[in-house]
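Next come two complexes built around chain A: one with chain B, the other with chain C.
Our next item is the complex of A and B:
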């Protein structure tokens, strides 16, 4: 697939997510001001006036069209819940989530890769049973269950649970458990490739074989796995950030849903979709470039 | 003579020494907020988080004391009523200043009150009922004196000034003229531009993370020993939407106080209290009430009319039978773990104008007999009664999904009603869906919610009985009363709001409650207890039954020991 087609497909995916997000908001009952209903001092007329102020009484097509126009110019609208421009909220939160996700990824893959390599090389080793059991435990524990456990453990240990550590540890455990079998499979496949077997037969050291041949050969598959990890880390961040009270994009998305904040919600949808699609696009492009380089050389 | 002075001098020295030893330590209090504030001005606060924060940044003229429930001076050094209680003259406290150091003048108060009573500003701090719907005429008498002239004398008129902030005219006049006063207090404004007369100022704000309030150096209030208030250097509000996380953080010592608490959380904290790190408070029945109500919207007022159910709900005997079937004491014991009191009416039992009666005792036999007499019989012996047309008495109750106490209450009601042959289906709904059904489409049958009380005064506490009220639960914002008893409720409510004689007023308020108890458009269930917890290191902590319960005296809070011990 050409780079242009990949880009077009990515843009179409983001556009589809935005349309779905807008449609869901229109179908759901109530709006950002519904929680003012029944307020003793706010009559229906006053609530209607507030709705008019925020443009919530305009037809859906006009509202979303205006938002899209603004977003394309770099102004993704105004948050009713936070009373400030959406852009001021989303980008700092995105950076925080990217920091947590990036560290969690490094920790997860930095641990899982050597373990996967060792497991692929020592398939019959008894310690693998323990590793598999441990992996199954963390695979069975979703972030929803793991986050409160880690938070409680940190608080018992005397920490206050604030900051990056808790979210990073939870996301890394979940991602590490998910990635380990796939990485092991990938490395195993690499080890069985004829040129790898040949290199080993020539007496090349295992570290050199792994780094110089196996990982290089499996790089496209590993890039795809890494792109998938971006999606998993982003979805996991919603629960993890909410549990730890960490102010990232995940907790912002949750708050936007609770507040039914239209511009904030659609923008977080769009940013999450763009991040995932962007990671996939980057992985696909890199894999294509590697394949091209391989065919040229 | 000289000898006579010695004891006095020694006593003074001892007092000073004791005062110095007991001098409250400055420090930082850490408190959780469930959400970000939407405004920094009480005039525009429609949610409790905003109201809590904004109240710390601003000062009103006269304030309802949160413990005594009586008016007390804030920016007003004194006030005087004249012309049979129609005219209020207020003298400002000369020591008080705005946070930018500028003096507080009568012109500032007049400017602020005119904004507060402006119907064009959709202000939340209303008080329209208290003033009979007519804004007072307000004028400056002298640089430190102002006058409010009300259309008529009404009880508790000072209460309308509670939480109405005095703003610096020079700073906010342009925004007011441009119709941008609300925007001038939005959470996105430049913090240096925010000026108020409250004990604290906004020092830092990171949305979704934390809001730090610093001491207002120009606050001007002093304690009896002459020390400047507030004692605290800072209040750090950490934004934590998740209730479990707030509890865990409080247990770890990362938060200094927590509340109002759910009964289960209050119970969990018992062990921490036993270990001596925290203290818990059970302040008894709060001003609010949990209740079930019937959809009594007039025909055609809702998007869909379920005809047979409408006729049941309109039948007073049907409503009375449900009221008789509910075991409120058991509900308080089981769902609220004993931290609730059975409700006889909308006002809690210790309210001076509450019905002098116990909550109705459950009598399923009488309830069943009442249904029999009304023609609701179980003809096909399937355990569910039918009406005269043969329709089974099955109906639904909607309530907040995720609110464990309400969901459990609904299931509890289901069991009680089953005993008298009524089939209740529990439908938990997400908050906005629920409010849309109740206030916009009217597409529900019965609903279960709670009211949080804001003021002891019956004009505020019973505002929901007015047929045109936004929170007239069983039929919101009616143009005119749909039934004779609703018209009578309107009449009694208006009359009590104009009756100055307190015993006569009490009679009228009791009549309102009796009429509600007789007609039962709402079934009052329990008054939840107000439960709080705080670290023992907080000095001056004195939780109150009125909002905001914990920080109402924030200017007098202090820290005994800044080191916290983790659980």
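Our next item is the complex of A and C:
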């Protein structure tokens, strides 16, 4: 697939998600003002007045058309729950989640890659059994189970303003457990390639073979695994941010769903979809570029 | 061995009311937050017997009244319940004489038996996930097979829809679907809403795989031969397409079931799935008070139950003769 086609497809997917977000919200009974939690004293007339003010009484096509027009100009509407422009909310939150996710990714892959390489090289070693068992246990501990455990451990260790540490540790453990078997498989495949065997037969050291041949050959597979990790880290961030009270994109999406905040909801989900699709696009393009470079040289 | 364990686990879940001393929704406010009271072996005039000491609260601390041993009777009558929702009975596996209460994992802050709640929560999570899995696999297979078999517009359309839905990572997709449903549903329809959300999120990978398989089968020699012999589409579907799809469906279920269990628990944990008074692993984990985890380790029971279910599932599946995916836990959701 050419680069232009890939980009067009990614944009169409994000547009589809936006349409889905709008359609799902139209399906929902009521709107942001039907059950405003804690505002039960609002009279019907007052609700209708507010509805008119936020433009919720206009036809759906007009509302979403106006939102799209604004979003394309860089102003994705107004949040009723937060009483602030959505743009001011989403970007700082995106950066926070990206910081946690990025750190967790570095921690997880920084640990899992050497472990996977060592495991792929020493398939019969006794410590492999222990590693496998540990991996299985952590695979059975989703973010939902790990987050309270890590929170408990941190409370025991003392201190409450841990900021990034708790969310990063949980996400890194979840992602590391998920990535380890896949990475090991990938490195194993790489080690069995003919040119790797040839390089080893010529007396190239193990470290040189791993870095120079295996990783280079497996780079496309590793890139698509990393793109998958983005989606997984985002999923985990919802649970982790809710548990640790960390203000990121996951908790924002949750708040938008609970508050039935139309602009905030569609923008958050659009940004999440764009992040995932963007990561996949980057991985695909990089893999294509690598294949191209390989075929030229 | 594996099948025996699976049967034992199912029996434990289905017979939760029998195994636990009381039901998970029965409250005893006096005992709110009580630690476990386990049976102890004691020598009396008639030989050894199991006893439980009643608990009392003195100055904010729980104390066993060791001067008032209460006998534990096995297979005795207690609070009545309906086994499997059918048979009215009051038989319990083990129950202590009043005023003592046998409790394996203590009481929660509302004085409900934690052991009973963990088993019943696991049961509702597992049952919801299995029902969602069957519906999702069935609908995914049918949709995917239809699209792949027909080709053309249906094929491209399904690919596009699946691409779009997969652009939202797991939990975000479920949250988006949840946004289309009433926020505070009536208690009766709550499980149905959760089922709907889970099914809508889970059919996609199955449909994709079925689509690819059907597309491939359509071009197979034996299918072309059957068609040239005048086989109708129903015959083709029944004799050639569905047998080819069944192994695929089985392989798809392997990573999907734990993903659904985690998804159901996550929704309940976030307050958007089953809610109190319904019990699910998610609502139980949400109530775990982590601040006291060191002094009261039994607080962590729901987390261990989730872990146990996932481990047991992966162990049960690892024996089955089917391709094992690289990561068993949560490939899609």
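Some observations on this one:
Throughout what follows, the second predicted complex is superposed on the first by the 289 of 297 C-alpha atoms of A that agree within 3 Å, B and C clash if a C-alpha of one lies under 4 Å from a C-alpha of the other, contacts with A are read in each partner's own complex, and residues count from 1 in each chain.
The working rule: a contact is a pair of C-beta atoms (placed from the backbone, for glycine too) under 8 Å apart; a residue touches a chain by one contact, two chains touch by 3 or more.
Note that the structure is predicted; figures quoted are calculated from it, not measured.
After superposition on chain A, the partners chain B and chain C are seen to clash. Of the two partner chains, chain C is the only one that A:185 touches; chain B does not reach it. Contact with neither chain B nor chain C is seen for A:201 once the two complexes are overlaid on the shared chain.
Of the two partner chains, neither chain B nor chain C is touched by A:133. In the superposition on chain A, A:260 contacts both chain B and chain C.
In the superposition on chain A, A:29 contacts both chain B and chain C. By the document's definition of touching, of the two partners only chain B reaches A:88; chain C does not.
Judged by the touch definition given at the top, the superposed model places A:72 against neither chain B nor chain C. In the superposition on chain A, no contact is made by A:4 with either chain B or chain C. In the overlay built on the shared chain, the residue A:155 is in contact with chain B and with chain C. On chain A, the surface patch touched by chain B in one complex and by chain C in the other comprises residues 28-30, 35, 148, 151-152, 155-156, 242, 254, 258, 260.
Of all residues in chain A, only 28-31, 34-44, 46, 49-50, 81-85, 88-89, 93, 148, 151-152, 155-156, 158, 160-162, 242-245, 247, 251-252, 254-255, 258-260 touch chain B in the complex they form. Interface of chain C with chain A (complex): residues 160-161, 163-165, 167-172, 175-184, 262, 265-266, 269-272, 282, 285, 288, 290-291, 293-294, 300, 303, 306-307, 310-311, 314, 326-330, 333. Remark: chain A residues 9, 12-14, 16-17, 20-21, 24-25, 27-30, 35, 136-137, 139-145, 148-149, 151-152, 155-156, 177-178, 181-182, 185, 230-232, 234-235, 238-239, 242, 250, 253-254, 256-258, 260, 265, 269, 272-273, 276-277 touch chain C in the complex.
The part of chain B that touches chain A in the complex is made up of residues 35-36, 38-39, 46-47, 122-128, 186-188, 206-209, 238-242, 244-245, 248-249, 251-254, 431-433, 435-441, 460, 463-464, 469-471, 473, 476-477, 566-567.
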